[in-house]
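Presented below are the structures under discussion, each in the form of structure tokens.
In the two complexes that follow, chain A is the common piece, with chain B as its partner first and chain C second.
Moving on to the complex of A and B:
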């Protein structure tokens, strides 16, 4: 009897210890560090990073990138998920192909796109051989910030849409066929079925996918560093620069806290905005 | 469904990998760990392992690291009071950040026999203390390289061995006109050494100072001149790390960089390039030597063997092998063989010429900044990014960055170093 009662806790123990040791403890240390200066508790570290001229651009660029990337990924993953669920034979293969970029690290993904878009990259070679340009064009230059943004958005959409796709495909496969059949009987078209059946019943999957993707978008790092270098300050890049370049752990901790605060704020927005009102939780 | 099935396999693989790495690290325990941030490129690191270290006779694990992890582990081991790093290789400025956790190596000179180490470098190795914090290991510098195609566009009356910054700009204009795109290149990318260009070359050439005259009228003129030069610079420069690559592809015809970061181009196509000294400004020909050293952390697991390794690295034969492997020159009196790689043969005399130039303004690496070296570098790269890349007002940016400079100096209390005149107390920013 006793065994059965304690077994779940026993099974949870390793994961709990792991989380405490490698997540909670370092997290608390970082949080304490962010709010501590030589004089004790203070917001001095936030003032220090706030005075840096890169602080405002970093926040602006990160928010802008998120605002560009997440909606594109949402639309694209909904489209791809619908496509995948429609396919009968070969569905698994299509799904696997779609999710290949998930297996690639973000640094490698950045390098792939750098090899494509670079001054001596594939895109330039193809355009040159087709006679469309006279010589190598530098697409990723500090003089052309919109192009930098576009390159990062494309790379990120390519790399990370699949994570949303996987969640949405799982969610869609849980929607009972009968609803669609009933809708067809009443003459609902494809678009109507999508907006009236799929989207509402997909709400909790959408919530998960959006929260996950938005948090990851605020942590975008390697792709930006590879494609834009220091030409486009972002929050994670600045955190890295303060920790390792400037050897200022407190400044880096303050940046980490800002990323955390933004992530928490957006998670709350999605939790409240996409709350399940009608459906009871199981 | 599919996701859950892969998970146990992934965990099994992870456990296996962890077991394997644990087994590996116990095997490594016998070796001396040489922790370094020099000779990072894979080929260079392998050359150090194959050509430099075997002569020591005992196994040495040479592990070059990125700056972040490099510093983190040194600090972590010092904080923990125990560690596995036997010797640390780094630049002069790096050692200042962890000077307190280094063993005094004053007695090592006894181990060196009749090896003559450059006395000025030995003095730098004390980091301003009474103890020998590190032993000079190897030296390098920065030079200019030009593609031979560029030489025909050299402005009338300009001597490539005594160039000025104005002539470099004129040369750039001629090259842009001839080739259709800007052909001068600088390593201004995330991994490049652009900040050293401002600290050791441009500022000394215009102001004979790095700190004191940071926001002087001369500095303002300097930034305006450099903005004009930048018009002739390939805009891809903000992504360049090592100039040997754009030189080889022909994206860039004239470049400034660290000698070790040019070797690949010079060795592969020695007949296509010329190496020449850095340009001069109104105040002279500013240049900065690079000094790397070896130190032993107090937590070194085997002090005697670590000291023996340091002594081995100082032997003239080892120093020559190091030169071949890394393109860093000896710091001891050593006979150089005739069959050195082309790149080294081409850069050596130019480094010598920079030191001996009549108008030379030697600048030291920042001294006494400790862990604030990164913030000091940031002052220069931020000024560059704001003035040159974002086109902001020179005076305004200099005034604002001068405050950051003051904060760094106030934090570290560092006195002036060359080319600034010596100061009583912290170095003033006028």
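Moving on to the complex of A and C:
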């Protein structure tokens, strides 16, 4: 039993070494690269990408997409989770259907919605059959920016609400039934039970779901490329363009730093904003 | 629904049952609408992938598949597709093996031992959440060229392991927490060594959950686009291939490709659906 003192460290060693080698070190490297030019430490790389006309739109579009997508997903996943808790028979199959998009990549989701929204897509046929249009329309034209935004928001809400749903359903299953029964005895209606029991007790799940989903929203990439091409600059798309198209690693590193900075900033906002007072004591 | 209504106590006032029935109808209407919202687009993709290339680009569309496999065979015979598919499977399988092999021991250590530094390690794992991990591909691309891992299956699998590892650790942690330590202790008193007790008592109980967390790792890698597109050139995965050939590939190819991407993930999710909430959902809180 003497080796038991060292056993946990031995078991953790591979994971620790791996995370240092493939997580901490590379992120340090990319940070150093972003702040280094030929003259040494400088903000030159940020000035270089800042001179590109796509820089400001990329930041604006990414933040705007996140601000549109995440709240819709939060509301929808809460609604779906509440529905699921009220289902008796058939709950498992409904849950399976609701979580299907969890297995679908943003690339595939973009292609799926392209099949619906494209010029020869299904939506055009529906609109034509309803007599609303005379022939195929290009719904995803680069000139129609609001339509592009709408298409991306719909595709992302369709695909990535499931990840929040899973976390919220798991969180709700941990709330004791007795609380609801007691509240019902005292005459609390459905809405009141939701706001006074479900939401407060779901706080840590909500926090996790929001952090996970917001970080992923800043990483939005393939779905935008598929539906809008490069006409709608976003941060990940620009990072990819600087790395690959322009072959400018320093520029790509500077973009990476911007994504990293807003990701960490928003994580802290959610960690502090949704802090559990009871948790803070322990 | 009527059966459930009839099973209710008869004492309920008629007005009450009416309200309850209305509530039930509303509930199921919402459920059906949301199921259609999820399944409809996938069905339409299926229609597109199972019609001839001419019908895919044609207009107006039909809403039933003609079960024409020429789009899929066109996709299959397209230059580079078969190789990309093989690469995708290899990278995902490697990711699964690496993240379980490295993550499960860590999960076990977190679940069974109290030791100094435990919180530091947990912080390290949780910290990965705040970071946009696919960006790791940028610095690693340089490193890989230096060590000869550039454009390789293993190099990409290592990045995907960084994405999957934190989840593997947290899932196996909650999995081992759910297996009573008393079972192991009983085995020790009966003369088992630590390793024997683990192999004969814990492992058989944990295997389904470990397999499920392996599936999550596989799907994570299978679906990843950004790092795959940055790190592979000749050895592209399917996602990288589809993304980088978006401008040149015709529509039927895209939709057939999307279907090939979606189907395995759906099957895997179906297999592990039992563990989705009990493990994945709770471990991620």
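Please note the rule applied: the second predicted complex is superposed on the first by the 273 of 282 C-alpha atoms of A that agree within 3 Å, B and C clash if a C-alpha of one lies under 4 Å from a C-alpha of the other, contacts with A are read in each partner's own complex, and residues count from 1 in each chain.
Here, contacts are C-beta pairs under 8 Å (C-beta built on N, C-alpha and C of every residue); 3 or more make two chains touch, one makes a residue touch a chain.
All of these numbers come straight from a predicted model, not from anything done at the bench.
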Exercise. So, does A:120 touch the first partner chain B, the second partner chain C, both, or neither?
Worked result: both
For this session: With the two complexes superposed on chain A, say which partner A:225 touches: chain B (first), chain C (second), both, or neither.
Result: both
Exercise. Regarding the shared-chain residue A:142, is it in contact with chain B (first), chain C (second), both, or neither?
Worked result: first
Problem set entry | Residue contacts on chain A - larger count, chain B or chain C | C
Exercise. If you stack the two complexes on chain A, which partner ends up touching A:212: first (chain B), second (chain C), both, or neither?
Worked result: second
For this session: Name the contact category of A:166: first (chain B only), second (chain C only), both, or neither.
Result: both
Problem set entry | Touched partner set for A:53, first chain B, second chain C, both or neither | first
Exercise. Does chain B (first) or chain C (second) touch A:264, or do both, or does neither?
Worked result: second
Exercise. Does the superposition put A:247 against chain B (first), chain C (second), both, or neither?
Worked result: first
Exercise. Taking the contacts chain A makes with chain B in one complex and with chain C in the other, which residues are shared?
Worked result: 92, 119-120, 136, 166, 225, 240, 243-244
Seminar exercise, completed: Listed in rising order, chain A residues that touch chain B in their complex are 53-54, 92, 119-120, 134-136, 138, 140-143, 166, 225, 229-231, 240, 243-248
Exercise. Considering the complex alone, what residue numbers of chain C touch chain A?
Worked result: 4, 27, 30-31, 34-35, 37-39, 41-42, 44-45, 48, 56-61, 63, 101-103, 105-106, 108-110, 112-113, 115, 117-118, 121, 124-125, 128-136, 138-143, 158-159, 161-162, 165, 169, 194, 219, 222-226, 229-230, 239, 242-243, 246, 251, 254-255, 257-258, 261-262, 265-266, 268-270, 273, 276-278, 280-282, 284-285
Problem set entry | Contacting residues of chain B [partner chain A, same complex] | 2-3, 66-68, 71-72, 97, 180-181, 189-190, 234-236, 238-239, 249, 251, 371-375, 377-378, 381-382, 385-386, 389, 400
Problem set entry | Of chain A, residues touching chain C in the complex | 4-5, 7-9, 11-12, 14-16, 18-19, 22-24, 26-27, 29-30, 33, 79-80, 83, 86-89, 92, 94-108, 111-116, 118-122, 124-125, 128-129, 136, 158, 166-167, 169-171, 173-174, 204-205, 208, 211-212, 215, 218-219, 221-222, 225-226, 236, 239-240, 243-244, 249, 252-253, 256, 259-260, 263-264, 267
